[in-house]
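Encoded as structure tokens, the structure appears first; notes follow it.
As written, the chain order gives the labels A, B, C, D, E and F, with residue 1 at the start of each chain.
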């Protein structure tokens, strides 16, 4: 804010407090009204899009299921049902610390608590490095594993998850996140509403 | 500014892009220039948003300029900008959710870009609707230009792609990852500024050489 | 306690707003060519950010959230920042003239700076409680001040250096900031935030 | 006992050229140029005018106050002019051009009948020194009688005779100590008496073992006199460093030796004191070393004050090769000259002629911040910072960085691997700062 | 990717919108209007109140005056920067309105009017390098090996130039000009750009040899030399040095030229009334007396 | 002195020299020069370089040649472009290149080495004005640049020859610190042994790592020479290496306080190289002794922090770069004591 503006030399009558207040109030009100009007149209679209995306992601992670039921008391944890309404697995959100911060993912698990696939929703890993964890090539290693065969190797040992070269930390984090998801399924649901501060929100 | 009653519209635009480029010359509103330029596409998205916000804010400001008392002009102008920004946010959220996500907080921060408020104060608040809109547009274009240039360079170096398309086959290209990391942003811009200076100097030297020798 | 200390350290060093988040660059490059100004700006920013951090917290959780007006966050916060800064300027000038002498001049610059707006937004984004919001805002200010002072001391040295003409001024400032950021990569992965 | 001081450098001595040579006397030249003022302090005023006939020892210019010194005629002759003449230290100075008549006649009553030094009272000593116009021969040319009159509240317990001669090439103090050791000791005792000191230390660098041995022998019987064999390290002879090394007392910038109870005098000053007290002889000549690779016949020469370089050098056989640099004084602190038409002054210690091969023409580089200049600075300064500030034109900064504390010893520049002209920059700073101070008042 | 770390994520936004405030709720425009009105009014009131009741009133004239100053921040007025001068000239009746050198008469008149002070005329002046001994003409007396700085060179017996009055040519003057009006010419003498020089005198101040003089722009004739040496000495040192022969003085019918210790000096105020500068016809041997036109 | 003077005219007129050089005192200069210092430092690194080639084979040699060559070529090019005196042969660019080569794995593709060396000299050194003006240690900037740009290649270590048989895939082999970071101290001991055997291997240069990490012994010997020549102070390396050992011993042990393996911490990674050659770089470390000691201490603290809590197994490079940022500040605040002045009175 500069003082560059020329102030009139002869002081004419200055607007009073009420005047100033009204001008600003009017501005914000008008702005608010228009925005409210816009939001009225755009918000539903945005919400619809987002719901669709999530639904699609769940479908992909658990192809066997046709419908998903949120499990009460758990944060974003869904039970997948097939056409008969029989549970065929779970899709749930899980978080772990990677190289650059939290990695937020959703994992699809079949009814035998074996991994189907996962999606990384949000992460701060290095693009082109940690990001490889998003790729098919890497994800495929996980299919069919259960929590007992989740170990990382850097040296190509059989039966273990082969680490991304140069991004072992990311690999370990992904594995940790999945393991904690699987473990949480084994535990009873926690008390509802016990999470005032959500975990996993990261810069 | 106010002494020249009607600045030529075309110069307003070229000034914005070149001689008063907000990023390379004025060094204003630098944050997004580093933050969102690791990909060309988000640079473009940011740039277009800024063009919109600048044009519209200038336009609106020059419309209401006579009604706004001096004392509250800053909050009023800021409200006008914020209004435009929120509008962009709402629209983008509905129709371009991915872009919205990758611009993140920086889109909201357009509100406080010094360049926008500065143009409102020194130009839009003293000029008519059309010149103001054009001025905002020109400045916005300069910003867009700078952003996209940086974005293209960084994306190419750091990822080997041009707007997401692999221009060199992936197998034959080892990206220089740092280009899209924070330091890479600063350094790329630093080197670009150096390059601009060298080019500018060359051109000035050429221009001077063509002038007849001026006696003392 | 430890939680707060860690959050503070993380904000100052690991997630330094300027060097890893590119916030407040206009001030960062504009002010750091003068050492004393940088120090002053660091203090002024810390003060302003702490105060706006508190105000925005209250407005957000007691007005916007209950009324479901989240999408006015940007508009509201920016007004809070602008008005707070202007009020602070007027009030300190009147009642704390010494303080104003030292730091008041920087207030003008702060009003339209993105770091001051970004910090409240981040507070909300991280779902920080009031105490954490305060710690985070202060940490952000201190981190910014640290980066400024480092940069200023470096640029002061550069003034007597033979920097190539093409890089003089902003060019070398950017490169320096880049190398600072490269060095600050060393902190990455150190303290998780949140 | 190891005598150590802060900082300093090891310099090549280059003393072999004249170290073994005896002292020769310069034949009286055809013309002398005697600067009217040859000391620091209030300027003296000329007392003669053109065409005046003067006798040797007659006052040519009279002290302009207490901190000032007379200048006496070095020989008998005619005053040819009183005018501005080139000066080896200040560039140009009002000087008395004297044409010797060849008779070298003393003024009436000079030399006096010998006075028994034992009977001289402190006041008499001071008066004799003041009348003789003696100034410090160690380089600074400070009027000696002032140093011999310390104020009551500054008791002096020790007198240091400075025979360090740490400057490379120079051997004039060495030669004097060989030639007139007893006069030197006598002068030193007189100084002790004048200031009421109880201790006398003669500091000599250990690259003069002959003198050290000789002096030790001569003073063995005296419990209050000691001879300190100082390690050869430049600037051992600088007052502050010497006091620190010998007495362990630290003399900060801005303080005088008398603040720590010491008076420091050069060996040649001591000899002059002895001459003045015993025979009333004024300071009309000085012992200098004429040396350097470009001089055909390097010598230690006693020259009348006012002898021009040209004449002195001719006496030493002229040049062996084209000189590239001619320095008045030693190579570390001396003044480079551009003309040979300049006179030797009372406090002169040498004329050094360097050939092109002696000059260091390696290219100048930017400071690599090696910190050597800090390590060697005897004053604990940061020379490179001062130089940087000067380059940036920040003289307030230079003042805050204590540029004025610099004694211009040259250690920093000597040591700098980048060949930075640090002393030159600091001298510029001192000039500008003093200028500004003057304007401030 | 750190770049994307600031995301107020879509999810977050949507959770907020979706869960807490379904779009239907926004339908109630009263809440919205109420909040926005309230916020705007509160802020507006706070600001307005603070401004009226708390703010320290500064004389608004200061800003007005500052606006009129050229903002060279050159300090020629004797104050640290234009803002300080503006403050002083408004607040302190003893500060003259014509101190701004770059602004010249026009600004002085404005400032005088604004502050109600009496305007005195300032002569527009310009820096002139009073030396023509460039690297080809002037002789050196020694090889200077030292810092390329006029002050440092001057320290060593007055520098390498044989003439003790002339320009040393290391360009200290060029480093202090705020208006980029003076720069080193090709032959080691500084050159002043008359159209840029505002006559602030910073360069003259910086010169250790007083080679630069501020000369009224109306000056017509100058002897650009500062040497007080006698002819013999001058001739040995420089071909462009004033010999002190006083031929020009004798040629001038208006007594505009005086001899100052072997140096001819022209009084521009007398000289400006002269239409026919006879002094130029004098047989000046170094040919340095000359006509100038300093009107930029 | 009345007795001696005889008056006699001087016969031969003296040929007065026409051109004399005039400069400020002193007129005598010491023997040291930048080039001499730099090449000496290079020379002290030679044994370690030879050993690295012996251990890693010809690739190590090529790395050194490429790195040093690119550094000098860059310096030459920049100085030609800027039309300033060319100092590419003064040894400082060579040293930067050599030290960079010492910080990278032998298996790094050569073009990356060249690029890193170019970046080091161009961006970190010459954009600041060249020798003496840079803020950051060029060699370390080169390494940090390479690490940030090519993390995969930069963390793929060649196994030392004597160890190659034990490496699983022949090419990649983890460094001791890398294994400690990811799998814990015990896992590292499995690979590299423990106690005296481990120390001996580290000391003699028998572990995987970058070229300069291999032999603590030879680097230390080089350092001794430099200390003896008074080119570097002894305090900095001692404080740096010692503090890391102390902190590790005190806080990083598996069995509680004072059980950490200090010797392992001190000998592994590039700590010795960094302590001897890199925190002592004149240009990028504080100019006063006191400042250098502060620098060394905090750098050590950072090494320990990064090794213990950070994202990287090794913290030497970043610790030094981070402290480089503080160097101008330290120089601003820490001034030597002026002669004879009381404490505290010296600050400007």
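Here is the rule we use: contacts are C-beta pairs under 8 Å (C-beta built on N, C-alpha and C of every residue); 3 or more make two chains touch, one makes a residue touch a chain.
In this text the structure is predicted, and so the values were computed from the model without any measurement.
Touch-path distance (fewest steps) from chain B to chain C is 1. The chains touching chain E as well as chain F are A, B, C, D. More C-beta pairs touch across the D-F interface than across any other pair of chains. Farthest from chain A in terms of Cα centroid separation is D. Seen from the C-alpha centroid of chain B, the farthest chain centroid is that of D. Averaged Cα coordinates give chain C a centre that lies 61 Å from the centre of chain D.
Remark: chain A and chain F have CA centroids separated by 44 Å (rounded to whole angstrom).
For the pair chain B and chain F, the distance between mean C-alpha positions equals 42 Å.
Annotation: 37 Å between the Cα-based centres of chain C and chain E. The set of chain C residues that touch two or more partner chains comprises 20-21, 71-73, 75, 79, 83, 86, 111-112, 118, 121-122, 125, 162, 164, 167, 171-172, 175-176, 179, 182, 185, 188-189.
In chain F, the residues touching two or more other chains are 20-24, 123, 127, 129-130, 133, 145, 148, 151, 153, 311.
In chain A, the positions touching at least two other chains are 1, 4, 6-7, 19-20, 23-24, 27-28, 31-32, 35, 39, 43, 46, 50, 99-101, 126-127, 129, 169, 201-203. Pairs of chains meeting the touch criterion: A-B, A-C, A-E, A-F, B-C, B-E, B-F, C-D, C-E, C-F, D-E, D-F, E-F. Across the interface of their complex, chain C is touched by residues 2, 5-9, 12-13, 16-17, 20-22, 25-26, 31-32, 35-36, 39, 43, 46-47, 50-51, 54-56 of chain E.
Touching chain B in their complex are the following residues of chain A: 1-2, 4-7, 14-15, 19-20, 23-24, 27-28, 31, 34-35, 38-39, 42-43, 45-46, 49-50, 53, 126-129. Of all residues in chain F, only 109, 112, 115, 123, 127, 145, 148-151, 153 touch chain B in the complex they form.
Only residues 19-24 of chain F touch chain E when the two sit together in their complex. Chain contact summary for the complex, chain D toward chain F: residues 6-7, 9, 11-12, 25, 27-30, 56, 75, 100, 102-104, 106, 111, 168, 240, 244, 250-253, 255, 275, 281, 284-285, 302, 304, 310-311, 313-315, 318-319, 322-327, 329, 331-340, 352, 354, 359-360, 362-363, 365-372, 374-375, 378-382, 384-385, 400-402, 405, 408, 410, 413-419, 421, 423-424, 427.
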